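First chain A sits with chain B, and in the next complex the same chain sits with chain C.
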Partner chain A sequence: MMLKLALRNLWGAGLRTVLNVAVLSFAFVAIIWLQGLYEGMNQQASQALLREAYGGGQYWHPLYDPYDPLSIIDSQGLLPVKIDSFVHRKQATAILLIQGTLYPQGRVQTVVISGIDPDQRVLDMPVDVLKIDDSDIPALLGTRMAKTCGLSTGDAVILRWRDRNGTFDARQIRIVEIMHTNVQMIDNGRVWIPLHKLQEMTLRPNEATLVVLDRSTTRTASADWTFHNTDELLQDIHELVKVKQIGGMVLYVILLFLAMLAIFDTQVLSIFRRRKEIGTLMALGMTRWQVVRLFTLEGALHGIFAALLAAIYGIPLLVIYARHGMQLTDAVDSMGISLGTQLYPVYSTGMILATVVIVLTTVTVVSYLPSRRIAKLKPTDALRGKRA
Partner chain B sequence: MADDNCIQTRDLVKDYSLGQQRVRALNHVTLNFVCGEFCGVVGPSGSGKTTLLNIMGSLDSPTSGRAIVLDRDIASLTHKEAAQLRNHHFGFIFQTFNLLPVYSVFENVEFPLLLLGYPASERKKMVLEALEWVKLTDKEKARPNQLSGGESQRVAVARAIVKKPKIVFADEPTANLDAQNSRHILNIMQSLNRQLQTTFIFSTHDEKVIQFLRRVVTLEDGRVTDDRVIENSGSES
Partner chain C sequence: MIISWQKEVTRRLLIFVEMALIGILAAKTELFAAYPDGTVLLQRVDQNSVAKTQVVEIKMIIHGRRSDRTLKSRSFIEGQERAFSEYTSPPREQGTKMLKLGDQLWTFDPRTDRTIQISGHLLRQSVMGSDLSYEDMMEDERLSDNYSATVAGSDTVEGRECWILELRGKHTDLAYPKSKIWVDKERYVALKGERFAKSGKLLKSMTAKRIDRLDGRWVATWILYKDELKTGGGTEFIIESAKYDIDIPEQVFSKASLRR
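For the complex of A and B:
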């Protein structure tokens, strides 16, 4: 009965209901769209990191700390037997990191020289270009690094490093390819050369700094080298996206606030205009709280209709958007998350349900707040059209 | 049952605040109404008629004194108990009809039965019967804004009597109607009073209504100044 009456009242309110539902449905779609963008950002960045940098997890030399550049000086060593067996079976790839200096066009650029096996298949990097046997050391750079140094394919440049005895040495390297990658950590400040060359140059045969495991291989315990699973490795990117998400929340709090303001306003107006009807309902035998529930239900129904309307135009819109993605500009690169040229939003059922529940709960609370005034209204005052 | 006291008021006082002032709307009103009466409270505007009806109808509570309606003391009722009393035993007819604008005629009349939880089939039967009493079966699908004043008040009468309440309170029921419609409505109410033994209590200052009443209580400045039984009241003829 109450639902029927509430529905009829909403229908009777005509344009006011349409406007409220439209505004609220826009808030629904916008919030889900924004959440989808962040979820897409998270997944896209995570997948790129797993594909091109983290694989199925990493074993680190005991002294290696990626947040401390100075730790690179001492974090090289022979691979423990168990880890070495993964590398031999091509289930993992070893990476040797050495501090170095590049001298592009007379400038000095501190770099991390990264030795990687050109035959590896663990990481999705075009390192097979390093197989070229030349008098110069073949080197692979990312686009960002190449831009910073002003280098392009075919350029030769002097690279300086220290070997295991602390002796400085320098040689010319030749850029054999500039790779496009979304992952900044394998690009910025990195010079990729063949592992065996770097081991020779630094007098560190069979040594490495870290070992990247294949995504299908299960880790094994190792006494010295610490294993870092993908959850741990991706924690930073998750945190970063979360920070961006909090920034984005401001927008949907504003959206939701505007929609709620419309509902609140409608409720206040409705209670003011319909006092005589409230009095009649009480005279007919409805309790004050039943009337409060009726008005709250009317407000909450705005949310339900908005969710339905949002589903009608929002689902096709969001599906098309998820398929075609959003064109990103280079400026996005400076956000700290590299996503490539296209961002594909991801909408999970959980996220959509959570958004719907949050919006509906907020609408119900906002509808209830002004309706509480009815509980203070005397039936006689309501019938006379007096205020509470 | 006809001689049983339906309503008793004892030294009923109702004061209102009007800014800084206290206004006494009812001044020690003591009255008895027996079940099945067709009675009117008459008097000029501001004499306390509506206030008295509101208190007897459990829509308001007295400042002092007692109003015992169907063996319940109005002053001691909680909001919920008062709502239940209205729901089960009272019908109301207002000067401005007070129909729910979004409901059809049928649904307006059905509404009190929905509150009482009657099953759908029984509701339908009772609503059609009530619409038959007020001769509005052909308008059951119409909306209140499609009805004339007389028709609207007949719907309000049907809504008040559909659940066959013990008492119907009618506050100036003919004030917005022309003479012909007023007479028609009063005839209907008089006939329902006879058929269903429902007590009708009116507040009015309309001479046309007074002609139909079997008892007239006159209020002036909140006091009962006259209480008389009329032997030959107006009839359906």
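For the complex of A and C:
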């Protein structure tokens, strides 16, 4: 009965209802789209990092700290037996990191020389190009590093490093390939060369700085080398996306505020214009709170209609967007998130449901607030069109 | 008849070989006699360059890729272990101080009012953008302690007759395992130097542009250092004044003097 009355009233409001529903539906679609972008960002960056840098987790040399460049100098050592067995079974790959200096076009560029087994299959990196047997040391660079140094495939450049005794050595390296990667940490400031070559160059046979497990291998305890699982390794990227998401919430709040303002205004106007109707309903036997509920229901129905309208045009729109993705500019690269050139939004059921619940609850509350005024109306005053 | 002919040929051949050997030996002996002992030469070079204490005022001209910079500093040096330097110009660098105590190095920046210990990879950074790293500056100056020397020949540098000394590291932990210096035959001062990587690649070079007699010793007072792997005109070190073997107050070599 009440629902029927509320629907009739909404229908009677005509264009006002249409406008309210349209604005609210836009807020629905925009909020879900934005959240989808952040979720896509999180998943895309995490997947890229797992594929190309973290694998199924990493064992670190006890002195290695990726946030402290000074730690690279002392963080090389022989692999513990258990970890070494993973490497021998090709379930893990060892990486040796050494500080070095590159001299592209006579400029000085501090780099981290990274030794990796060219036969490894743990990380999705084109390191098999390092198998080339040449008088020069074969080297692989990322596109960002190549751009910074002004180097391209086939170029030769001088690399200087120190061996384990601190003695300087310098040789020419040849860039055998420039790899395209979304993961900055394997690109910026990195020069990838064959592991055995780097071990030989630095007099560090069988030594490494970290070991990356493949994604199907479960770790075993190691006394000295610390294991860092993928959750731990991805924590930074999750937090970074969360920070971006909080920034994006400002936009949700503005959108929701605009929609709620429209609903609130509509409710206030309805109560003002429909005083005689309210008085009649009370005179016919409806209690004050029943009338409050009726007006609140009318407001809440805006939200439900908006959700339906949003589904009609929003679902196809969001699906197309999720399939084709969003073109990103180079500026995104500087954000420190490994995204590449295309961002594909990801919409989860939980996220959509949570958005619907939040918006509907807010609409209901906003509809209820001005309706409380009705509870103060006397039926006689209302019938005369007087205000409370 | 044939046998006696063969015997004669063999006898003559033996005489020829004997004479050739005597000749080679004689030539070699003469050659070695002409070259002085490398170790002695290196010690003479050290005597010139190493003092118990030194107070020097240095002008450093850094020839960068785009422009040149000139810095002036005053240094107090005691043996190999302790050194204190203060930059006196330009105004931008004025008040920057460095203290070396053994194998530790601190710098004080008046703009940030902070003292920083230079360690790890920072030691490999260049000093004020020059061609020398902090490590190069911290190296033990006494060459004879670290290198064994052999005389490889003689040459002329800036019109002066020099011995070419090839230096090989005595220890495995030296930054430069091989070096070459051109030592003035009369003044025993290095007029030119080259430092090589393990692979033999030339890394750094030094050329003395001016030699002066200071406090009774010959000292290179104008030196051009160059990082041979990078482009640029190198860094000039000009000693404007120097005093040797004078007393330096103990408090100069304390961390407190960095903030003074």
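Convention: the second predicted complex is superposed on the first by the 388 of 388 C-alpha atoms of A that agree within 3 Å, B and C clash if a C-alpha of one lies under 4 Å from a C-alpha of the other, contacts with A are read in each partner's own complex, and residues count from 1 in each chain.
Assume a residue touches a chain if its C-beta (ideal position, glycine included) is under 8 Å from a C-beta of that chain, and two chains touch if they have at least 3 such contacts.
Keep in mind that what you see is a predicted model, and the values were worked out from it rather than measured.
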Chain A as common anchor, with chain B and chain C clashing or fitting: fit
Contacts of A:N165 with chain B and chain C, given as first, second, both or neither: second
Chain B versus chain C as contact partner of A:I320, first or second or both or neither: neither
Chain B versus chain C as contact partner of A:N9, first or second or both or neither: first
Touching partner for A:V81 - first (chain B), second (chain C), both, neither: neither
Which superposed partner A:L70 touches (first chain B, second chain C, both, neither): second
Which of chain B and chain C A:T101 touches, first, second, both or neither: second
Partner chain(s) touched by A:V250 [first = chain B, second = chain C, both, neither]: neither
Chain C, chain A and chain B - angle at the middle CA centre, rounded to the nearest 10 degrees: 150
Where chain B and chain C come nearest after superposition, their Cα distance in Å: 72
Intersection of the chain A residues that touch chain B with those that touch chain C: none
Chain C partner contacts - residues on chain A that touch it in the complex: 69-70, 72-73, 99, 101, 103, 105-108, 110, 158, 160, 162-163, 165-171
In the complex, chain A residues that touch chain B: 1, 5, 8-9, 11-12, 276-277, 279-288, 290, 378-380, 383
Of chain B, residues touching chain A in the complex: 54, 57, 59-60, 79-80, 83-84, 86-88, 92, 94, 96, 98, 100-103, 111-112, 114-116, 159
Touching residues (chain side chain C, partner chain A) in the complex: 65, 119-122, 124, 126, 169, 172-177, 197-199, 201, 203, 227, 229-232
